[in-house]
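In the two complexes below, chain A is the common chain; its partner is chain B in one and chain C in the other.
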Partner chain A sequence: MAPQSHDQVAAVTSVNSIATGATADSMARQHPQPKSNLGRKRPQFGLWSVVVVCALYFLFPLWAIAKFTLDLPLEGWTFKAYTKAVQEPELHTTLWLSLRITGGTVALSLALMIWTVLWTTLKVKRMQPVVEFISILPYMVPPIAFVVGIAGVFRPAFPSFIANPYSLIFFYTVLAMPFTYRSLDAGLRAIDVKTLTEASRGLGAGWMTTIMRVVVPNLRSALLGATFLTVAVVLGEYTIASLLLINTFPIFLATYNSKEIFAGPALGLMSMLAVAVLFALLGLFTRKRGGANATAAIA
Partner chain B sequence: MSALELSAVRKTFAGTAALEHLDLSLGDGELVCLLGPSGCGKTTALRIVAGFEVPDTGSVLLGGADITRKPANKRNMGMVFQAYSLFPNLTAEENVAFGLRLRKQSGEQRRKRVAEMLDLVGLSPQAKRYAQQMSGGQQQRVALARALAIQPEVLLLDEPLSALDAKVRVNLRDEIRRIQLETGTTTLFVTHDQEEALAVSDRVGVMSNGRLEQIGNPTAVYQDPSSSFVARFVGTVNELPGTVRSDGRSVEVGGTAIPAKGVEHFGPGDAVQVLVRPEGLLVEHGNGNGNEGLAGTVVTAAFQGSTIRVKVRLDSTDTLVDADAAADSIIQPNPGDRVTVKIVAQRAFVESAKEPASV
Partner chain C sequence: MGSESGRQLSSAVLATPAETPVSAGARRHISWAWIGLVPFFAFVTVFLLWPTLAVFWKAAHDNAGNFTLSTYGKIATSPQFRQSFWNSTLLSFSSAVIGGVIGLLLTYAIVSIRRPKWLRSAVMSFSAVAANMGGVALVFLFVASIGVTGLLTTFLLGHGIHLYDKQFIYSGSYHVLTVIYLYFQIPLMVIVMLPAIDGLKPAWREAAANLGSSGMQYWRRVGLPVLWPAFLGGIVLLFANSFAAYATAYVLTGGQSNLASIQIGFFLQGNTIADSQQIGYAIAAWMIIVVLIAILLYQWLRSRTTRWLQ
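And then the complex of A and B:
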């Protein structure tokens, strides 16, 4: 296969870095971009075909929703459906609740996982396969089984806990575990964390200082990746919240969608675009860092 | 009182001993190299001193105080690692300032010390650069500046040159020694490179299988090894089979009497190995007199700058020996030449002959 062009390589690197959380600069070091070759710059037909088909597959439904919600019968092109949706009072309360739950989930996930991944990488390497297995359990257990288990255990024992919307933080932390673990693990593998932590401790830093000043700054991309994936999980989770009777944003979205023929899909499209913008920002951020480092390395 | 002292230190990993009863002391301002092959325990010893490992038994004393179980971050030791260890998110000057910041030095003091340290390693112009903008040699220089900035009680160098190319390695090696002498920092240097160890150390400790085989100044270790392991590991050594003569003072090798150190520990007729370094052999053209040297044929002659390393197959023992001939001598040895190899008096030493391999 002919080598990919610079843009293609950059795009692939960017997508991979979101998925794995590996830092763009470390990836740039490991996979230096091929030198420019005018003869090889022609786009490959096969590759572009896949890109076009995928783009159509994903973008056509979005275009259809946009057309459906913007081009209203008898009224023509208008933003009425969107303005109606954003003025809905319940949207604000549910969205605010979901954002608080999201913040809590991100904080708890990262706080737990940074220590866990660091500890398994540095101190108890033999536990890595075990933790890795545990981290993928939420993939394997269907959310419906998960919530039935939760309700069965917590409702009789701690009824006030399960009725509290913030109990979702703990359950969503479990759901987000596959993403946070993998992202942080990939980020830690991309740096020589053992040497860096030892260097830091040798200079007089305690564990907390080492993590805050050395580990976290060098895991910025991985942390961002983990954060955005957690946000996407929480803002899209329906089953658990629904069965625990907690009115979060996804629950409101589903209900609103069933009763508002135009404003419902409009709100759905807006929330989808908001998540897409988050990912695009992450992509831009990681690519910018990689580019800056590559330029610096040349200088 | 020693600046640093390891006493009867033992360390095992999963039942395998990495260190066995290690005793080592470093004087104030001294640079001691621990030299040995991979897995000999030298890095474990260094990591125990740094506080990254805790010994099973034994103690580590720093200025007379027991620090065996003191955490690494409370020991005030500077360390330069084999792998590049600069914090990638910080510039060179921020890396050097890292330890000073932890010691709550004022901004002015910090800036002054960072400038001093970067100047010491010759990297002031690179102060604003990140690790990925510097070469490997520059990164290790900054790591050295960072380690020295905190005015450590002991500087620990864990094979800091092994990832560098040959020329940079030699330059940085000399620079480390210059800086160490300038700052007077007590230093423990771990390496597997004998040339590096001999070049920079006040004393060299040769390690094998978790034990310190010999420790002494570089000349003594090279010229008067205490064991065949040390002789073989430090420098090149030729091994010739021989028998202790009836006079008890020399060894007979291929019909030639050779005076050798250590022969007094053996009795007449004992089978021994004669160990002699290439510079302890003289190569002369021609077959010579059988009593004065060992006749042989030149197999290869490799030019090495000031000397020519000549490989000779000896007729009497059918062994290959390496000898150094001056590169500027009038007659140059060539493959196929008949030569006589003579052993310089007191440059050979003996050990007991190896047990024959079981069949």
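And then the complex of A and C:
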């Protein structure tokens, strides 16, 4: 760091930013000219080469898997690998199980976290750092270490609980907690929930009515963000399910891949596309309501 | 991000007169207000803290139940486990640094390139998906590309380059894992760095130019010092991310690579003598310590970043 040079430059620029009255964020987006005034041609080439190299690295494997599964040896271009994968009976049972676990996780984590974040914001503001720290704690515990603890604790104490596939709901709620918390917290900060709830309470609404009819509708994009991220986490989770020997969709995907050389990757590509569609929908919904909750929650 | 400004906003709200009666009421009930957090703390205690602390507890006790720290020490001294932690560290470090630098360049590129407007949103959307795509699906992509019958492998074979002939690539190799991990590391870096690079005000650059500095000087004196904490924070986050990864390496190598996370899997699945269960706990405990330190470091660096990027 070179604080001194900073302060000088910042002092010069603060005049500018006061004059335009723009925040850093909107300025960066809405005033494209100044940056590119300096040395336009040369850097552009460098920048584009970065983008092209990255595009090659990221898109080639996608093209490879598409070609690998669509252009079969001795058959040519065909959807056979895909139709075969879709008809696999074990796919239906495992996917259905994963979807039910997903539904349970979304319901549990939303119920728990909406209540907690609201309560913290409204009633016990000084607990907020504690709640925040605990909520992002799962991010600091690698799933593989977490599952060691789970097995060590619950296997001797509650063997039938841990053998039940739905026990995953509780552990996945833990995994999703950092995302859910961040998303809801960002959403709540944006809407001034204090005034809203006071207005609603002042007009005679009870707490339940206030939450369901005032807070939740105002948090729609944050809730969507939290939901979609939870779905993505649960549908892709391999480590915990694998070591607890619960046959969810990702586990099936891995074993199916070792059995079926073409149908396996075909199923993998379909699952990736499903997640991509999920995130595209999320982007669509949150952009309308003006919030980058999804990505903010990850970082 | 934006937590500072959020706090300012709510403190401004607190100053409004409408606030006073409610907070007075809240003060009367203050001793009971924590009741509302009971579900959260109960849930977290049973399903997060208990299992996590049990890892440390069980690693610190031998089979007879006596307290001992020798298992922790055993991990640090035994060549086998030292090697697995070393491999994990090396893999995480290289994928974090390479992914961090490329991610930084890519973020800078999509912020600076303005002509096709969709480029930035396309990269961001892709990053959101790819950053979450560790695990099974990722393996498919690379098996189809650089596996034995992969597209790139067969293409290069047609041009006389044998990827597998000279042990140039084999699936257990850490170089291959590094290349694969970059697929989620670079996007994560893009997501982390975007707010920081967006926060570089064009006016700073103008000001530097007006004061007669060259582009190089601008970067050395302004741009990099401002970005430095965010960049380091990103690298540390990527390191933790890769250190904690299990599924990708496990599925790709069938559990053959000697990484710390894979070693834990072995102990949990009982592939070893029953006596050494503590070893599994101790590896897990060390892993949690490493990742915990890394994430706390990331949080600290991030709080330094937000100073300049309001």
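The working rule: the second predicted complex is superposed on the first by the 230 of 299 C-alpha atoms of A that agree within 3 Å, B and C clash if a C-alpha of one lies under 4 Å from a C-alpha of the other, contacts with A are read in each partner's own complex, and residues count from 1 in each chain.
Operating definition for what follows: a contact is a pair of C-beta atoms (placed from the backbone, for glycine too) under 8 Å apart; a residue touches a chain by one contact, two chains touch by 3 or more.
In this text the structure is predicted, and so the values were computed from the model without any measurement.
Novice: Figure out whether A:159 sits in contact with chain B (first) or chain C (second), or with both, or with neither.
Specialist: A:159: touches no partner chain.
Novice: Looking only at contacts as defined up top, I'd like to know whether chain B or chain C touches more of chain A.
Specialist: C
Novice: Where does A:203 make contact in the superposed view: on chain B (first), on chain C (second), on both, or on neither?
Specialist: A:203 sits against chain B, while chain C stays out of touch.
Novice: Counting only touches as set out at the top, which of chain B and chain C does A:143 meet: first, second, both, neither?
Specialist: It touches chain C, and chain B stays clear.
Novice: Does the superposition put A:192 against chain B (first), chain C (second), both, or neither?
Specialist: So A:192 meets both chain B and chain C here.
Novice: On the A-aligned overlay, A:218 touches which partner chain: chain B = first, chain C = second, or both, or neither?
Specialist: So A:218 only meets chain B here.
Novice: Following superposition on chain A, which residues of chain A contact chain B and also contact chain C?
Specialist: 25, 29, 192, 195, 198, 296, 299
Novice: Name, in rising order, each residue of chain C that touches chain A in their complex.
Specialist: Interface residues on the chain C side: 1-3, 6, 9-10, 13-14, 16, 18-19, 22, 26, 33-34, 36-37, 39-41, 43-44, 47-48, 50-55, 58, 102, 105-106, 108-114, 119, 121, 123-137, 139-145, 149-152, 182-183, 186, 188, 191-192, 194-195, 198-211, 215, 221-222, 225-226, 228, 240, 243-244, 246-247, 250-251, 261, 264-265, 267-269, 280-281, 284-285, 287-288, 291-292, 295-296, 308-310.
Novice: Over in the complex, which chain A residues touch chain B? Could you list them?
Specialist: Residues in contact with chain B: 25, 29, 191-192, 195-196, 198-206, 209, 213-214, 217-218, 220, 293, 296-297, 299.
Novice: Show which residues of chain B lie in contact with chain A when the two form their complex.
Specialist: 50-52, 71-79, 81, 83-85, 87-89, 98-99, 102-103, 129-130, 132-133, 143, 146-147, 150, 156
Novice: Over in the complex, which chain A residues touch chain C? Could you list them?
Specialist: Spelled out, the residues of chain A in touch with chain C are 1-2, 5-6, 9-10, 12-13, 16-17, 23-25, 27-29, 31-36, 38-39, 43-44, 47-48, 50-51, 54, 57-58, 60-65, 67-69, 112-113, 115-116, 119-120, 123-124, 127, 131, 134, 136-154, 170-171, 173-174, 177, 186, 189-190, 192, 194-195, 198, 229, 232-233, 236-239, 242-243, 250, 253-254, 257, 264-265, 268-269, 271-272, 275-276, 279-280, 282-283, 294-296, 298-299.
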